[in-house]
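Each in structure tokens, the structures are laid out below.
Look at the two complexes coming up: subunit A is in both, with subunit B in one and subunit C in the other.
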Partner chain A sequence: MTELRDMPAVMEVCDQLLKDVGCDFVALALQNEVGPDVRWHFASGNENDKYKRITVRFGKGIAGKIISSGSPMMISDFPNDIYGKVTDHPIMLAEKLVSCYAVPLFFNGSPKGVLLVGKRRTYTFIDNEQEMVKESAETLEQILKGHILGGGA
Partner chain B sequence: MYSRSRVHNRNLYLFLLKNGLISISVSLIIVQTLISLLQIHIHYLEKIPLFFFVLIIITIFFMIIFIQERKIRSKQEQLLAVIENSTQSLFILDKDKNIISLNDSGRELLDLQNHKVVNFCEVCSTYPGADKICDVSNCFLMNDKENPVELYIKNHHKELIPVQATISFYTTPDKQKGTVVGIQKVSEKRKEEHKEIEKMITHSIFQAQEKERKLISRELHDGIGQSLFGMLLHTDFIKSISEDKMGITQLEKLQQMISQTIEDIRYLSAALRPSTLDNHGLIATLKNHIRDFGQRFGIQINFTYKGSNERLPSAIETALYRIAQEALINAAKYSSAERIDVSISVDKDQNKVSLTITDFGKGVELTSTNRRGVGIYSMEERASILGGDFFINSKIGKGTQIQVNIPIV
Partner chain C sequence: MVHSDSKQLIQSYIIQSQEDEIKRISLELHEGVGQNLYSILTGLQLVETGLNQPHLINYLREMTQLIEKTIQEIRLLSVELHPPALTTLGLLPAIKSYIKLYTSTFGVLVDLESIGEEKQLSEQNRVAVFRVCQEALTNIAKHADTSNVKMSLIWKENELKIMIVDFGGGFAADGIEINPFSLGIAAMKERMLLTGGHCVISSKIGEGTSVEISLPL
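Let's turn to the complex of A and B:
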């Protein structure tokens, strides 16, 4: 599959979302084509390249949990308001995020990706911002549909 | 006693002589002023009785002052002498536990020559073992309910001295709560006993923990893991005889879920205690762990090993594995490092093995307050139980290095 980093349309949506929500970090995770593991494929506002190396197991980490549950999730004050361990949140640690909001991306009716926005300070994402993330997720689903289907499934 | 009272008398005479001169001149001035004020003219011989009268009054006055002052001073001196010569080390602290004053015995205890200790927390090393970690809100200095308390004092050479402390309180001049700490050394023998007992307890806790983990890990892997695998095989069989297309699709979904659960169980079992540690040894296990760990946190971890293919004693392998695990978790949690180096080297000649974990992250200044966790403490204990030593070195902005040397016996 072509690297998402090389897809200008994906980049554009993420950069725009970063600006619209006024957050520090936007990232996109997708489930691997083979196997259940999840990887971060694209990020904007990142401080380092750790996200490219992070692989989480299905059901683990923020990305893994959203893909297995299919519902959005928010953290306002990491690591004080989390369920589970600090070490179950590698993307938060890698990017020193303190708050985040993340939604699933659906392909063929099942959750296969995650769009995450985050800030490096405590913050509660308001309805309006959550809506913006969901809309961007839908746009990304459209952009990536052909890509995912064409590439694998 | 005799010479003491002579000294005291000489003091009195000196005092009288000095003040006698002052008294005479003051009396003269008073008499002279009185006469000139009242504008009487008398012969100077007639002034003499008046002069003596004034002189006597002033002298009595001075005597009273002297006696009073001596009383107060002797009380103070007595108190100071008691404090200074007490075999108990006394520390007088203000409300922030700063040492305002300490006696000779206290100075001796800390082995201070010219050095100064500012805060009591710098010398206080709370009881090792279960309560080793200093909890500021629970500090024994804040209440006298536990009097007396047993603890360790770190002297100037960083040696730990076992002591018993008694706490009492006083009100500082600015109406705050100050503390007086009285400290007495506990005998050497008891110190050794304490250390031995602590070591034994910690050792058996670690052993019990490891045993329990091994048991649960096996049970998960061989018990639940195996029965799930049995279920998977059974679904395969059902699939092979089924003709229902819809059913087969659902069956495949079920198979996927079972496989996923088997994976989860394997993962959990390995996280508790990897069976490779017993079967394939420390190096292979660490390599696996490091690969997974690096992938999980996106950190680049380099592993180097210097030594032969020979296995180390199992207690050492377990300790080193656990130490490396904790050090890596700390690095991932706190250091923000992008790179970590792990190295193990076995020195056959000196019969020792060293483990070093270096993160190139933000570093930390270790103080009594952030040493609350059990991570660093347990690494230290694991090394110490095996007769080894443990060092942690951290520079703000540079990173943290943990080094452990353990003798191979």
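Let's turn to the complex of A and C:
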């Protein structure tokens, strides 16, 4: 797969989203070209490089649930009121996030990526911020279509 | 004394029963559900070769991918519950296999070294040591704020010693009794005591945490 760090347009969208939402962290996970693995390919505002080694587990944690359900999700006060165990949310642990909002990226009609924004404090993302994340996800779908998934085939 | 002995036996029995059940579920997932899904996957791949309508081929590919993801998750869940290597190959291969899964789950790198010749342990002791190591590593992912862990297994003539050192934030050991994760630590110590071994945890704020496990051979 093309390294996303070599795609300035992707970095620009993520960096801009970080500023517009006023969050601490933005990350993008995508399904690999071959096989079912979904990995975090790009992050902005990260405190370490753990995200590069994390493979998203299908159906587990916020990213895994989004890939399996295709619906946006929010956590406002991690680790309180979460789905599953604390250890099902490795990106929250790795980046010490307390709140996040994430949406799916669709390719060829299926959820194959996740765009996540997070803060290191308790927070509920308001409608306007949620809309900004969704719009950025749509922009990324357009940029990545053809580059990542072989034209969405 | 008699009371304490029977309490220990009951604790061992409860732990053993839980481990047997975990192993059964793990095998059911891997050999039962996993195998069935694999049969469905190969069936779908065969059906795909006979299709010529592009929208159906695309739909089938999506279904195939969904099953692939589910098979992978079932396999990981099964390994997480009870790594097959623990029964078939021994403690060290099971730890190596778990570390791979641990790094890909939490992004934390583990530098593993084994000094001396690996000795055979009873299955009960193998499982106990493995679970204590698993708990120590999970605690690191949850609380330590570190990207690196050093794990050393030292096989001596009469003793196995395991050191797990993180380079994270550490914690104040005196306040540990009132911390909710102290129950996990107490369980680690108790589990090693039941095998006749020990588990010692030391930590200082800013200097990381070390877990030392010892088991008589």
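Basically, the second predicted complex is superposed on the first by the 148 of 153 C-alpha atoms of A that agree within 3 Å, B and C clash if a C-alpha of one lies under 4 Å from a C-alpha of the other, contacts with A are read in each partner's own complex, and residues count from 1 in each chain.
Basically, a contact is a pair of C-beta atoms (placed from the backbone, for glycine too) under 8 Å apart; a residue touches a chain by one contact, two chains touch by 3 or more.
All figures in this text were calculated on a predicted structure; none of them were measured in a lab.
Engineer: Touch check for A:110: first (subunit B), second (subunit C), both, or neither?
Structural biologist: It touches subunit C, and subunit B stays clear.
Engineer: For A:25, using the defined touch cut-off, is the partner it touches subunit B, subunit C, both, or neither? Pick first, second, both or neither.
Structural biologist: neither
Engineer: Can A:123 be said to touch subunit B (first), subunit C (second), both, or neither?
Structural biologist: The answer is neither, since A:123 touches no partner chain.
Engineer: Between subunit B and subunit C, which makes contact with more of the residues in subunit A?
Structural biologist: Touched residues of subunit A are more numerous for C.
Engineer: Figure out whether A:93 sits in contact with subunit B (first) or subunit C (second), or with both, or with neither.
Structural biologist: Both partners.
Engineer: Check whether A:51 is in contact with subunit B, with subunit C, with both or with neither, and answer first, second, both or neither.
Structural biologist: Touch partners of A:51: subunit B and subunit C.
Engineer: For A:36, select first, second, both or neither according to whether it touches subunit B, subunit C, the two together, or no partner.
Structural biologist: It touches subunit B and subunit C both.
Engineer: Using the superposition on A, tell me which residues of subunit A are in contact with subunit B and, in the other complex, with subunit C.
Structural biologist: 36, 48-55, 57-59, 86-87, 90, 93-94, 96.
Engineer: Show me the residue ranges of subunit B that touch subunit A in the complex, using the header's touch definition.
Structural biologist: 260, 263-264, 267, 294-300, 329, 332-333, 336, 338
Engineer: In their complex, what parts of subunit A are in touch with subunit B?
Structural biologist: So the residues of subunit A touching subunit B come out as 36, 48-59, 86-87, 90, 93-94, 96.
Engineer: Inside the complex, what are the residues of subunit A that reach subunit C?
Structural biologist: 35-37, 48-55, 57-60, 67-68, 86-87, 90, 93-94, 96, 108-110
Engineer: So in the complex, which bits of subunit C are touching subunit A?
Structural biologist: 58, 62, 65, 68-70, 72-73, 76, 103-109, 138, 141-142, 145, 147
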